[in-house]
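One chain, chain A, links the two complexes that follow: it is found with chain B in the first and with chain C in the second.
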Partner chain A sequence: MARINFCGSAAHAVNRRGFLSTLATAGAAAFAADMTRVQALALPEVAQDLRRNQKRCILLWLAGGASQMETFDPKPGAVTGGPFQSIQTSTPGVRICELMPKMARRFKDTCIIRSLNTRNGDHGGGSRMMMRGRAGESNLDYPDLGAVLARELGQENSSVPDYVSFYFATEGRMFAPGTPGFLGARYGSMDLYTSQIPENMRRAGISDQDHQARNELRGLISGQFERGRLSDSIDSHRQAYQRMRGIMAHERLFDINREPQAIRDRYGPTLFGQQCLAARRLVEAGVPFVRVGRAWWDSHGQNFETHQEMVPELDHVMATLLDDLEQRGLLESTLVITLAEFGRTPNINSQLGRDHFASAWSSTLSGCGIRGGSVYGRTDETGNRVADGEVNAARLFATIYRALGINHQKNYYVGVRPVPLTDPGTEPIREVLA
Partner chain B sequence: MPSNPRNLRVAREIARRDILFSVARVPNSDRLFVASSTNKVYEIDASRTNAEAIEHADHGRYVTAVRLVGNTAISGGYDGRLIWWDIQNRRAIRTIDAHTRQVRHLALSPDGTKIASVADDMVCRIWNVASGERLHELRGHEPRTPTHFGSMLYVCVFSPDGRHLATGDRVGHVVIWDAAAGRQLSAVEAPTLYTWDGVQRIRSIGGVRGLAFSPDGAQLAVGGVGQIGNVDALQGPSRVEVFDWNRRQRVLEFTGQNGIVNKLIWTSEWLCAIGGGSNGLVMFHDVGRRASIHQGNVPMHVHDAVLNDDGNQIYAVGHQKIAVLELRA
Partner chain C sequence: MHRSIPVFSALVLGSVLAWADEAAPLPPPNRPIEQAIDHHVDALLKADKVTPAPPADDATIIRRLTLDLVGRIPTTAETTAYLASTDPQKKAKLVERLMAAPGFVRHQATELNTVLQSDEPRRRGAQRTALREYLVRSLSDNRSWDKIFRDLLLPDETDDKMKGANEFLKTRVKDVNRLTIDVSTIFFGVNVSCAQCHDHPHVHDWKQDHFYGLKSFFARTIDNGGFLAERDFGVVKYIPNKGKEKEAPVMFLTGKTIAAPGLKEPTKDEKKAEQERLSTAKKAKKAPAPPRYSLRAKLVETALEPGQREFFARAIVNRLWHRHFGRGLVMPLDQMHSENAPSHPELLQWLARDLVEHGYDLRRVIRGIVLSNAYARGSRWEGDRQPADKYFAMAQVRPLTPMQMAVSMKLASMDQKALSGAAAEVEKRLEALEKSAEGLARHFPQPGDNFQVSVSEAMLFANNEALQKELLEGNERLPKRLLQEPDLMKRADLANRGVLCRPARAEEKQAIAAYLQERQDRPEAACQHVVWALLTSAEFRFNH
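== the complex of A and B ==
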């Protein structure tokens, strides 16, 4: 199936022509036969319709563990509550921390799950669990959420990456790197660690025109070599090259300088804001999964000042992202998640810090497939335990999959062994789904 | 009575369940007024370990500062309000919406006629203690840090003669004001007290937490925590910098064990820095001789402290405890 890539620029058409030209040179009859369809999909009204329907996901990964009490599950007045108050959201009776006034105002698309009990308060173990939706298994390398969504939502012949991960902070980066696991490298992440625009995409001194000429020469030679041969490796090589060419052609998608200044101003000057704008550009172009890692929330000391610094940024950027997606008609098809490896202790330590806590913490789901303006689950009055609606990692992931239209009971096969997307018997949280 | 910091000992500990952020003392007594994480101001007799705490003003949010003028306690908190409280009749005299963000600190002028408040709206306001009238509004601190995050204005202090007022913020910017005219006189920078980690964790920690003028008012001590490798906790050296603030020159610095300096007390004999990390810390320094007198531990992370009239006893308040420290000669 052809992939719809929307970016709205004239360059897109040029690259598509170049792509088809390459295919013709290589004698790829199967691709050429689909040209009519590709051209039809390029019609603005068709492209717009399809881009609205394709499901996507942006994960705001709050690495290090944001405090649920200073974000989505405040406990003002409790001995554990800290200094901040709660404020009313746009849903009567639902209150969040006063550090999040913008999200409070536009709560209509968001569901808070306040009852995560994931039982792993270790950065590494917690990160792996919350990126995979399950505990690890020594003899099986599970794919993470991004790889599964790349597989389930991506398109086979995509010219854009299926899984992009921004993570600039060095702390915690290796606790949960993009992991395709047994799905294989095809669904691995494009990890951006130091530059917003992928590095080494294009070798210095070689122009795009040079690359195109080389591609045509490669196609000619490959085509001659391929004649009369059947080879998976040749096909794989061609696919990889085409994919890389496609990604190179979409380099501009990562470049937020191409956005109008007014849009850039809305997201704000911080790295997190810039990366969320890039994430919006990517999902708009058809990238099914983007993770934006915002590190590092591990506030063992000075928890309240840390959150006073970081939560307003999260509030502003998240609200802006949801607004932007909505205004572009993309929010119905884009799921925005906030998640971390765990939350933080209700107890306040001697450094005015909060420590690791996985027994009663929060995540949010916004947009695609979600019953907005709602809360699921409840913690007790001090926030020390789940009082109602306990949710583990598997159930959260089943809910995410269902929100995105994916059968959470689907099996992958590793050899002959069936491996379900979520642990057997896991059910999504129906109350969270639209 | 002379004091000797080398003989520092903990005379008494009073256990608490709350966190105490500020303390004021009734002169010539052991009666303390403390600002609590339970949103209230309490009166406690620190001569007893099991004394009952008497409730006073209620801010409905963390109370961060309390000062005493005669029979009036003035407190500030996360609600942005200042409450004048009659401590004898236990009733509010006056409540003012003083700031749009949380009040961090209060300073009382030596003659007791003016009180200064600082808050995270990055404004210092000076008030007439008797009438509650606002006398000056001092704006000299940037609302945003250089990396575009909200800043915080932590501390203020009057000079011993009451003519000058100093204010210190998160990024280490300290402004010295003419307290009568409400005019900026000078500024000094202590950027080492602010750690911005733009590589590992992309956030910051630190700030100016303690300020004290020298007895002659010519120098200003600035306290906090030095540069921190891991901003997850207070894992950097406690740090004090002393400035000749007229010449805007740093003349001395000293560091101690890991933790943050939350309070500075400067007498004719010594400069005391007190605070904490996981544990409480205290340092005494002879500024004239540029020599350390004593460094040690106190039983808890200390947020505020006050000296007795004789200068040989410190009442320290902090994490779930009040400690009375003796410095007898």
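== the complex of A and C ==
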């Protein structure tokens, strides 16, 4: 039961009942187990329902630190404001940077959080914190957002990967590689660094038949050893080789050439656009978490040229992605996040750049579980500090978890030590949640 | 805060230090370690009426010992000789041979280095660090654990022979909180990090003073132009979660406080003198002279004092036990406090006392562990209810470490003809093989408790072309060697002996021979498949 998360919307209540009754006839005894979904998936109609209802998340990771001033928290006219104007969004009174006209028009599904104060202006430390929702602790290796969602939203024996991460740029890549931490390698990321198709996805120099027969021989030899040896580690070994061929069979999910030309044109020819399209294909097939890394926003010099080039792309791709998800009925169950390791200083330096700044910056949440068309928190006139509704990393993560129907206070156990998903005492931002 | 300290001390004295007062007499100290181990482990089995698994067979034992002592699987020649030997002392002799081999030092250095590199990214390239080189040199001289501890916390950066020992501090000096937590978990077996923000919710032993007290020993340690330095002054202040900001006592984990000089504000002259000492060294690009009074030195001294050293001794004994049994006498390894009892309290006390009395000689402990009957049990449970892990009634299945895995894969997939010849020559080749396996090792994560194999690992082995070439193709590899054996059943047996270090069972021989038979049009590919299937079996992936 624990891993079945329904949207809770009226439309889906029907599906939920449908699901329950189908399952009742299929023998509800298995329902209590965590593996329910795997068994339920054998029934085509249930599988379809679940695919629609399963929650998932796409993280647009603006690596290097995009400027909040040139995106979601503009300060035109202020000494710190820079050259760009602000424009009205579809929500009266909410204005964003003029470089984002498309997002301004389709603001109805998005909530901007303008009051992040995360106190870590270091690329490495900031990245780790914003991927994990907490500061690190030595000797306790925390899982990141993708690993937690893979575990909470994914299926144990899934034949699709459950944590996919695109990050083609070399800048900043190693600041926050996918980290399953204490959840273990089962929830590790499938990293795409250089090719749109994951590494080792294709057979090399062996026929499909031999590839399968060889794996069966492996299973036969391995199975004899496994008898009489109860161990989760051995189980994970067997499962890894069992899942392997299923995942290979899903190579097409990464292949955007299978999309109609019209769709590909909508996302545009940029790498970021293509990877967001691949992300959409993946979540549509049931992958619970995809990160698309877009680098490198670290504009210590020429901040405005950098943003003039990069923000319109973000605007176009993000708006296209939200439209596409909506048209497919997936936006209700898909949370799209923009986040980075930090924002940028209101102060403009002598190189016309903005530097690292973690005291008052922005993130956006769109779609699943989010009160769209809204803004939470406020920075002061110059953008130097949070004036209202300060949010730290833990609170942002609690909000993300709740939007996805996950109890943010749930404990994992590391040995006997309980480790809650977010630091004790953290509450989600109710105003942001639908 | 203060009121709790006497309570804490009493608790600790009552639990951790119990062996000092000998309330329940321990077995005599002069007993061989392996006998003491079996005495205590068997006593608990008997008391709870648990029957242990039978001993593992010889092929399993030589594989287990070779992996644990020298970090690789045995060669086919080693296995064959061991299985053929009828010498009743063959196990003890094998242990002596392996522990005398240079590979023993290298493997122990790798293992300790992994413990000292407490985070994953740093571990990945750790085989080539100066710290590991220091460990190799130290362990070659059989340097004791207390001396290594001293070298790591008080490295002499002017001494070339100590090169690399400073890395433990250097990589942590910019984050004193992390340094404090790492020292407490690695060397003392306790994690005081919870007490950083609040008194520990469940463990009455750990108050905020324990974290900040331990931190005080490191708070004066700084990076001075690329060299480690320690100030003459400085005190740790913190805001307890109840009450106003306070100065932390300089306090060890047992509650012992140190009246150190330099806790008051320094005078102008004193400040100036310190400034001069540090800036002169910085300009000269040299390690600065030590402070008049080193708090770090005081920590080392205190941690090794009678009445204080139990944390230090128990922590390493528990860690070595965990490495060889897959589970510590106390679990987890960083929770060795009064409210988390060991499975075998007297045994832990006995081993810690033995370690102290024999000059912190880690070799001695390791030899004792691997010679015990408890270590030599089978890992398969044939009965209906598997006993709880804490009984050590059977061997745990332990995932191979990255280096064990990589070296063993290279060894298992080669034509071992190249390993015949004089022992010294073979040893040289094995060392070269280890070096060549470092790249492969980076693919694998360092296993922790609850280790899982990732699907990426399966896909790496199944589909990576370069790896396929490296392990399976070419004249020096096992598949080519198998082709020279015309009899398919014998070929199957040969493959098993090379990769799984044991003869093939009848049904395996048949299955493999049938697989080969069906692919007689592509015999070399078929041999590659067979070796692949053995290499990727759970039996290979784990030490069992």
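We adopt the following convention: the second predicted complex is superposed on the first by the 354 of 434 C-alpha atoms of A that agree within 3 Å, B and C clash if a C-alpha of one lies under 4 Å from a C-alpha of the other, contacts with A are read in each partner's own complex, and residues count from 1 in each chain.
Assume a contact is a pair of C-beta atoms (placed from the backbone, for glycine too) under 8 Å apart; a residue touches a chain by one contact, two chains touch by 3 or more.
Computed from a predicted structure; not experimentally measured.
Applying the touch criterion given at the start, work out whether A:Leu352 contacts chain B, chain C, both or neither, answering first, second, both or neither.
first
Report for A:Ala213: first if it touches chain B alone, second if chain C alone, otherwise both or neither.
Second partner only, chain C.
Per the overlay, which chain contacts more chain A residues, chain B or chain C?
C
Answer with first, second, both or neither: which of chain B and chain C does A:Gly377 touch in the superposed model?
neither
Identify the partner contact of A:Gln308: answer first if only chain B is touched, second if only chain C is, both if each is, neither if none is.
After superposition on chain A, A:Gln308 lies in contact with chain B alone.
One more residue to check, A:Trp296. First (chain B), second (chain C), both or neither?
first
Output check: A:Pro74 vs chain B and chain C. Expected answer is one of first, second, both, neither. What do you get?
In the superposed model, A:Pro74 contacts neither chain B nor chain C.
Just chain B (first), just chain C (second), both, or neither: which does A:Phe84 touch?
first
Which bits of chain A are touching chain C when the two form their complex?
For chain A paired with chain C, touching residues are 137-141, 161, 174, 179, 182, 184-186, 188, 190, 199-206, 210-211, 213-215, 217-218, 220-222, 224-234, 236-241, 243-244, 247-248, 414-417.
For the complex, which residues does chain C have touching chain A?
Checking each residue of chain C against chain A gives 118-121, 178, 181-182, 185, 191, 193, 331-332, 334-335, 340, 379-382, 386, 396-397, 399, 445, 447-460, 462-465, 468, 505, 507-508, 511-512, 515, 519, 525, 529-530, 532-534, 536-539, 541-542, 544.
Can you check the complex and tell me which residues of chain B touch chain A?
17-19, 37-39, 61-62, 78, 102, 120, 147-150, 152, 199-205, 232-235, 276-279, 300-301, 319-320
Over in the complex, which chain A residues touch chain B? Could you list them?
64, 77, 79, 82-85, 168-171, 268-271, 294-296, 298-302, 305-306, 308-310, 312-313, 348, 350-353
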